[in-house]
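There are structures below to look over.
Heads up, the next two complexes both have subunit A, just with different partners, subunit B and then subunit C.
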Partner chain A sequence: MNSLSIFFGVTNYEFRMQIRRRAMWIIFFCLALLSSILGGPGSAYRQLIDNPFNLTPLQVVAYWTSTVNTFIPIILGIMLADRLARDKRTKVDELFMTTPGALGWRIAGKYVGSLLATIIPVLLFYSIGIGVILFHTQNPIILLYALETFAAIALPGLLFVAAFSIACPAIMWVPLYQFLFVGYWFWGNLLSPAQGIPTLSATILTPVGSYMDAGFFSDPIGRRHATALQGVESIVLLLAITILVMFVLWTLLKWQQARQ
Partner chain B sequence: MSFTQLRYELQLMGKRVILTPILVMLAYALIATYMHYRNIDPARFLASSLEIILPLAAAIIATTITSQDAAIELQLTVPKKYHVTVSGRLILIALWTLCIALISGITFSALHLGFIPQQPQPFAAPVAFLAAQLAWFAPLLWLVGIGLCLAMLIRNRAASTAALCGVWLLEIIFKDYIALTNWLHPVFLFPTTLLALTGTIPQNQYDIWLSSRLEVLGTGLAFICIGWLLLHSPERLLKASSEE
Partner chain C sequence: MNIEIHQLNKIYRGGVHALNDVDMSIPNGMFGLLGPNGAGKTTLMRILAGILRPTGGTIHVGTFDGNTEKGRTAIKQILGYLPQDLGMYPDLSAREFLDYIGILKGMNNREERQERVEELLEVVTLRNVAGRKLKTFSGGMKRRVGIAQALMNDPKLLIVDEPTAGLDPEERIRFRNLLSDLAGERTVLLSTHIVEDIAQTCRNLAIMNNGHVTFQGTTSDLIREAEGKVWTITTDGIKPHGDFTVVSTLNMGATVQYRIVGDLSPRAGAVPTQPSLEDSYVWLMREKRSPSTTMSAFSSH
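This part shows the complex of A and B:
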């Protein structure tokens, strides 16, 4: 069987399995609802219209992308964490071992398919804010800005989080991973170094995308100061670690298969 | 629940349930030691372990154990009701977390690392001790309660955990808004660490802190009651297991 057809086949089925999970849609719907209520009715979106920091349209879009990227990756990471464990629980991993398809392509297909399906509700949630900005400014260039900021600020972090969420449950209990992941997200992204606690949040290894936001769109709220080069470094580092994690997963699963 | 059954339930849940809270506290102890050597007071950081992190760990474990049972079909055929079995498991998890939190809290106080608000006219020692424990006990009960409800309503392990963690994170991100909004005080989970309430604070602030702890305790108990009622229809979990 052609490797590419295996990859597309696995991607297709993983995508369909994940996109049909009603629970995933319920969670994103609840999140959209909560974000509209907390901070006062429509508060999260009202700021995009009121523009209290006098941001340019591009910066307003970048601000919304950063806001979404503060907590959405947690939901994405947790929803992806049971994908590999599910294969073991339903014993299909043993069935896969008897098929001729290469393990690497199957892992890649699982990663791409389940990630694409989970990104769709993320994009829908994201487009609520973009819709509000578009309605307020009546400027279609907002759509281009939305694509640009999502690709620069959010996407590298989502790819990074997805790789860990697919790979780590291969070596640890899924709920333990979910707990550690949530703790990591708060510690490694949102915790200020001023607290005195050693943290990664001030380094370029922050999937929350603050270096990209500050480097490319000069975050005027002053949450972070960074150059464009640091933004690029952050993206490269996140993508390199993503590839490394998937490679380690492939090696580990191959080793586990050889031992059986 | 007999001793044999208790032992059996513990074996079923596995060492990971027992070890998780211990490992969390050990990791905290290591980082606190590092902070101490850098001349940074670790009291607030240690308080976060009891108030914010340990309840989350207990709630995720409770959500997982409630929403998934490998032998659910078998469970439904035996005379013992499913809600009794799950209640026993949840009590085990809560009691174990309680033990770890109590021992840790007493150790922090003994090392003069306590991070608890006090009123100008302090209570008698036993009452003050109990009031101080509310700082972590109230969010523990609340998060386990809502975890139980989410597990039974959403009927999906990953999704209910995601919802639980979403609530946990929103509590942290919107702490200032929740603190300033009176009607949200019954769901204000982590004021002690996040608002840095320690030492002797004005009486009116202490009263707000104490009443919000009691309100969180009340809403937590309400969630546990609702979750317990939802546990009476475990057939729903059968359908859920095929949807994962």
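This part shows the complex of A and C:
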């Protein structure tokens, strides 16, 4: 029995099931519509046209990436929260327990497959802004900047959010997790320390990517100041916590199985 | 492939004693597991399938020890399981779901796996609707998908828990015939509270009640135990009274025919009748003997 085959097989089918969710596409479509009305891509476009801060194209792309990563992870987290709980709801978990396929590879496949599927509408939405910038600059290097900034600013946080969204519903009711997650996002990422309330938002633990934005791309608008080293530290910490969360989930599920 | 179960116990959290010193020997072929709701049949099946851990006792499936992780994994490699409450992903098609199960059962070769899927879809006569999502399937169609997924890895041990519950008579017959055809070189453990399913498919069976095995042997042995205990009484409508169980009431118009099971002293109009398996089951349940005396009284070993 090839464990990798199981991993890729589960990834494939989790991807298919998630990509077919109409609700996900409707939400992202509404978000794209709303942001075009409120001037999301337009804001990035305006930044480039007016260039009040003398931004380089890379910095404009970084700004757009950072803007997208401010609220999109909320939707990602909510849409992933029911993936594990669904197995219990549809009662397939009992059937899966009778198969020899290792639990760890199944969970890993579920994580990767459902995350990849959910990231696609995120990327499509992100591409709208990149398209606007590309149209204005007529410079194909924008595409490389988009790849670079997405990987550095957005991806670590999305991986982090996905892990918690897959894992936490193993121990709590899905709607409760979704509610708490939204609350956490605002508290832990968007609340300014100047408000006087203790928050994670000014730390390298924040998955919104502000340390990476400031550390690697200077964040000339001045929302955050950070060094490149702090940016690296933030990425490493977010990825390490991601792995830890998935490991804890695997351990928890094995323990639950053994107790039955 | 024989299954040996020795002194098996299962106590759930909360103190529910679902299995009580269960001893059972399951030979090759079709084996019926009969008993009322709450008897412990599903608990036993789930332990055999590796879903639950026993509180005590041993299980051996062929040469594999079901009490070790290695043994359980080995059993799962040769196991096909159709649970009572079958779960499936509603957004997958029948073909996709079977392929997914095949992947989880370790069938790495894509072509072989897909060939097997098509073969099983043909066996359960779902090939024409294989592309439809499972949420559009009727109960009977889902059951057929269920048996197909259980057979994906050509299992040596097939456990089916209440497979005909909720099916119409035609589908039930089709299902029973399919299971009988599958028995062959396999061990098929069929758990049900519908006696007719056992009568039509199994030579060997065990009866459970309140976590105990109250009978193990052949269907002929069980029927023999109820000989002289089944009667037909015809009255003009007045229900007969006595220390017996009425198993059927047939209104014939002017008269009513009662089929009863019990230790009945000969009385006017009582006609001794050849017992069916159901009559024998009723007779056994009625007596409610203790496990040790019942085993010695009814065991045919």
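Basically, the second predicted complex is superposed on the first by the 246 of 260 C-alpha atoms of A that agree within 3 Å, B and C clash if a C-alpha of one lies under 4 Å from a C-alpha of the other, contacts with A are read in each partner's own complex, and residues count from 1 in each chain.
Basically, a contact is a pair of C-beta atoms (placed from the backbone, for glycine too) under 8 Å apart; a residue touches a chain by one contact, two chains touch by 3 or more.
The shown structure was predicted, so the numbers you read here are calculated from the model rather than taken from an experiment.
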Could you look at A:V208 and tell me whether it touches subunit B, subunit C, both or neither (first, second, both, neither)? neither
Between subunit B and subunit C, whom does A:I119 touch in the aligned arrangement: first, second, both, or neither? neither
For the overlaid complexes, name the partner, subunit B or subunit C, with more touching residues on subunit A. B
Quick one: is A:P100 in contact with subunit B, with subunit C, with both, or with neither? Answer first, second, both or neither. second
Looking at the overlay, what does A:I142 touch: subunit B (first), subunit C (second), both, or neither? neither
Let me test your reading of the model: by the given contact rule, A:Q260 touches which partner, first (subunit B), second (subunit C), both or neither? second
Between subunit B (first) and subunit C (second), which does A:D82 come into contact with in this model arrangement: first, second, both, or neither? first
Identify the partner contact of A:I130: answer first if only subunit B is touched, second if only subunit C is, both if each is, neither if none is. neither
Figure out whether A:V10 sits in contact with subunit B (first) or subunit C (second), or with both, or with neither. second
Residues of subunit A that lie at the interface with subunit B and also at the interface with subunit C: none
Could you list, by residue number, the parts of subunit B that touch subunit A in their complex? 16, 20, 31, 34-35, 38, 40-41, 44-45, 53, 56-57, 60-61, 63-64, 154-163, 165-166, 168-170, 172-174, 177, 243-244
Of subunit A, residues touching subunit B in the complex: 21-24, 26-27, 30-31, 34, 38-40, 70-71, 74-75, 78-79, 81-82, 86, 173-176, 178-179, 182-183, 185-186, 190, 195-198
Subunit C - residues contacting subunit A, complex: 46, 49-53, 73, 76-77, 79, 81, 83, 85-92, 96, 99-101, 103-106, 108, 149
Residue numbers of subunit A touching subunit C in their complex, please. 1-2, 5-6, 9-10, 13, 16-17, 20, 90-101, 106, 258-260
